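In the two complexes that follow, chain A is the common piece, with chain B as its partner first and chain C second.
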Partner chain A sequence: MADVLAPARPRPAAVLRHARTYLRLAAAWVRSSYSYRLSFWLMVLSSFAVNAIEFLAVVFIFANVPDLGGFSLREVAFLYGTTGVPMALANLLVGSVEDLGRSIRTGTLDQMLVRPVPLLVQVCSDRFALRRVGRLGQAVAVLVWAGLFVDWSPAAVLLTLVALLAGTAIFFGIFVGFAAIQFWTADAAEVANAFTYGGSSLTQYPLTIYPRELVAGLTFLVPVAFVNWYPALLVLDRPEASGYPGWLGLASPVVAALVLALAGLVWRLGVRHYRSTGS
Partner chain B sequence: MPLIEARDLRRDFVVHRRRGRLRRERDVVTAVSDVSFTVEPGEMVGYIGPNGAGKSTTIKMLTGILVPTSGHLRVAGVDPSRRRTDLARRMGVVFGQRTGLWWDLPLRDSFDLLARINDLPAARYAENLERFTSLLDLTALLDTPVRQLSLGQRMRGDITAALLHDPDVLYLDEPTIGLDVVSKARLRSFLRELNRERGTTLVLTTHDLGDIEALCDRVMVVDHGSLAFDGRLNDLRAHAGATRTLVVDLAEPGPAVEVEGAQVVRVEGPRQWLSFPADASAAPLVAALAARYPVADLSLQEPDIEQVISRLYSTARPG
Partner chain C sequence: MPGLRLHLAVAVRSFRRWSTYRAATLSGIFTNSVFGVINAFVLLAVWRANPGAGGYDATDAVTYVWLGQSMIMTIMLWGGGAPSDLAERIRTGDVALDLYRPVGLLSWYLAADAGRAVFHLLTRGVAPTVVGALLFDLRYPDGPLTVLAFALSVALALLVSFAVRMLVAVAGFWVLDSQGLTMTANLLAIFFSGITLPLVLFPGWLGEVAMVLPWASYLQVPADVWLGQRTGGALVGGLALQVGWAVLLLGATALVLRAAERKVVVQGG
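Presenting the complex of A and B:
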């Protein structure tokens, strides 16, 4: 099996071609869902509203307490935005991978497997839901507001941009890796949710409010702390707050690469383990 | 070089059975068991067998969807499950019970998308689309969303979709399931023409033996995961020990006739049914009968292919 396990070295040209295919397939789904125009815009709006209300809850907490785990509302908003944007981006781009179990049950996956496009590209663009931009819009709004109070240096800007990218990649990997469990057991979608949405919810707050064991888990097991927590501590100039070395804030791209490699491996194993449905 | 080469192809499935409230037992079920065959380019092969015999599992291994448990498999020279996306450019697949088209999009949009992901040059796409849609009578439906198509229309859409990129081999899993007589006939003649004109290899699984009789020179019968027969349709009749029946109308009712090489299986007034081996000639029998009995009329019944197949299943079954 050595050749399966060795991750394929993606050539730039192939990556570009796959990205184009992804966009074409996604656009097809947008066209078909946009035929129900009103319901589309309602969904966008409600997805924005649900997340906006979630952030309002944070604002109300601060009406009662001066700080949360030693962090002000503005700082928490920055944490919220820096996990919210990568999460919303990953959710928009590859969130459909959650529905892998359904594709397996309905046999759609068989159809995808006989097309000359990598399975992951097809699964991630399947039922592409543009309405998820609602969530992205809300996260961007919070991040922009929080950014107004950050003391920006060129290094902080660069670090934030890198963290947003690496964070998107980390969530991407977590989405794909945990979704791949459905190749073994088609009903495992909820397990994946716990780590994707659960992970992003936890990191909306300063990790100082959690027990040490949980922080360790979010650092070493499901490393969502690298999405925003460690880089944000550097940007906010609070490197000592985590109890871990401050340089962890620079490690996000490395962690992202590891997560992606691991997710790719699980995905490949899953595809080879796929057993299809009867008839 | 053969297009498809399968040697000792096998696929096991691990299933967990419940025993009691919590205990589970691990069982290995063999869906395809050491099947060997080759298919040459341009052949039309029927792959038949009862439900659960391993037809779909075999097709899914040939198309790269499922990884064989063991055995050697090459399609167009490559291992399907490892070179799936490369092979996809050279094959077309139609699963009769499902669609590969985009449900909410007009038929044309599905075709456009598939042409794009197959990197089909625009000119060839236009030519193939025009050709297949007119042959399959879909031109007027191109702007209809797939969900509004009838089963037969959708099937023709799926077949067009599977052929747009000029595949070397077309796999059809139950292509005529649920189609009416006219649609079936049209589809069969289309497939025959495709094979003749473009040399497209056809591998089809079916329950409808009419498909086999209309299309396939060669038939493979699979039962309990093993090949029970692989050969020409005519040989299948003899192989399964099928019989032909001579129906004789005598001038008047009488006792069962006695003639060598055949036996009476039924008597109803002046009419008698004589059964004899499918590979024997009817001529000497008719001569012998006419010499001894007052024969008013004769007719010959060919063995029913359904009956042939079901005989084969029951004889191939172990135990």
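Presenting the complex of A and C:
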């Protein structure tokens, strides 16, 4: 067990190897789910439709009001897209980590622990669900539509791309970090939803609609505000709207690194705490 | 009446079965509460920009959000509950055992789902409402009669949602892979129940149509009863809509079940 618990020091070559393993494991699950073609496409469609409904609700809201928290439909759509795409990417890549509790209950986690592949790689690729591209497709569609109305400069394009990447990393960390709670209570999977999907729901709207304390919490405690809010304010040229200095919009990559480090720490603590269900 | 005692026993055992998942219940309450907070602030912003939207005021809107969070599990808005057990038993063929029992399939599963619903109402219904009441100004029923009407409306909401979930489950007798059907049913419920957005905010004719579809029984009607938006004739109309859909859909489920009992060949040895 010693080598499992020892902190992995990621070397570039090792990271590449793990990524390749991840892809291979994920591809196996894709092949297996794609053998039921009709089911697969229905699931993709449903994943798309659930989120399309959510955005339709936003459009309906704007049938009742001229602006929401001082932001127009197009601006809200940009916020929606810039949190939706990172959420969908993280959900696609590591969403399976939510099912950690099941692996613990059924004991399959023990099998994973003795395989020569990092546990996180195995858990995240377990039952990899390509159907989640439906969510990604919907988020990309909204972002592209919103992007038509943005006054693009090279800096704005770069900032948006960086934010999408950093946002994916932030959600990645939140998925892994909060899923690790299940090492302590295998039944409490739903708590994580409040931070993962909740974090993405919160940031679909301008944070001006929330009380100041909540925005502070989303900035300093569970920093989902860095996924899209601060960068988007720079892109939309509304830096005054947040009440915080505009340069926070450039800090997303730093925040992402912090979140990833913290999530890794919690994950490792969880693995160390893990005792098999026995027998 | 031995039938009643039997169904009560089924309901009690179903209640107990669900009550064993304590950590899951607690974490579900936490998550419902978080989403309640998010949706409450979104709707507050809407009503700040348009104080009379949909005939509600801001307090009505926030109360609606918390009632919605309480109803999600009580009526299994996203699908599930006892009909899911039936769907699984149809898939595996275990349903043959159910068909042997000297009790109707429909009433048996209704009793099981009612027991579950009572558990979810007491936990995931009450707890988020308390959280909402602590954090926000809510509107409360203005008298015992309204409370009674609300209780009736919630019971009817459960009946309608049960019937819809049963219809989907029973389709499994004919369709080998009922995933598509299940998903379509869930999508319709998520959109037309008003959990994503109150139906009063739906624009124009879509709002009017949504108000009389079966899914309006899930949340919009009970919420309007609680809020005092439906009194007198409107109250009777709302309850009648629920009764109508319940009778129609339960009747359809009973018919489909009878057809299934006649034609079904259970797979396997």
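Here, the second predicted complex is superposed on the first by the 270 of 279 C-alpha atoms of A that agree within 3 Å, B and C clash if a C-alpha of one lies under 4 Å from a C-alpha of the other, contacts with A are read in each partner's own complex, and residues count from 1 in each chain.
Definition applied: a residue touches a chain if its C-beta (ideal position, glycine included) is under 8 Å from a C-beta of that chain, and two chains touch if they have at least 3 such contacts.
From a predicted model like this one, the values you see are computed outputs, not experimental measurements.
Of the two partner chains placed by superposition, A:A14 touches none, neither chain B nor chain C. When the two structures are aligned on the shared chain, A:V114 is found in touch with chain B, with no touch to chain C.
Of the two partner chains placed by the overlay, only chain B lies in contact with A:R275; chain C stays clear of it.
By the touch criterion defined above, A:A261 reaches neither chain B nor chain C. Of the two partner chains placed around the shared chain by superposition, chain C is the only one that A:V191 touches, whereas chain B remains out of contact.
Ranking chain B and chain C by residues of chain A touched puts C first. Touch criterion met: A:F60 reaches chain C, while chain B stays clear of it. In the superposed model, A:S201 lies in contact with chain C only, and not with chain B. Touch criterion met: A:A28 reaches chain B, while chain C stays clear of it. Once both structures are placed on chain A, no chain A residue is touched by chain B and, in the other complex, by chain C. Chain contact summary for the complex, chain C toward chain A: residues 21-24, 26-28, 30-31, 34-35, 38, 41-42, 44-46, 49-50, 53-54, 177, 179-180, 183-184, 186-187, 190-191, 196-197, 201-203.
Only residues 36, 38-39, 42-43, 46, 49-50, 53-54, 56-57, 60-61, 63-69, 185-191, 193-194, 198, 201-202, 205, 209-211, 214 of chain A touch chain C when the two sit together in their complex.
Contact residues on chain A toward chain B in their complex (touch as defined above): 3-4, 21, 24-25, 28, 31-33, 35, 106-108, 110-111, 113-118, 272, 274-276, 278-279. Across the complex, chain B meets chain A through its residues 13, 51-52, 56, 60, 63-67, 81-82, 84-86, 88-89, 91, 93, 95, 97-100, 102-105, 109, 113-114, 116-118.
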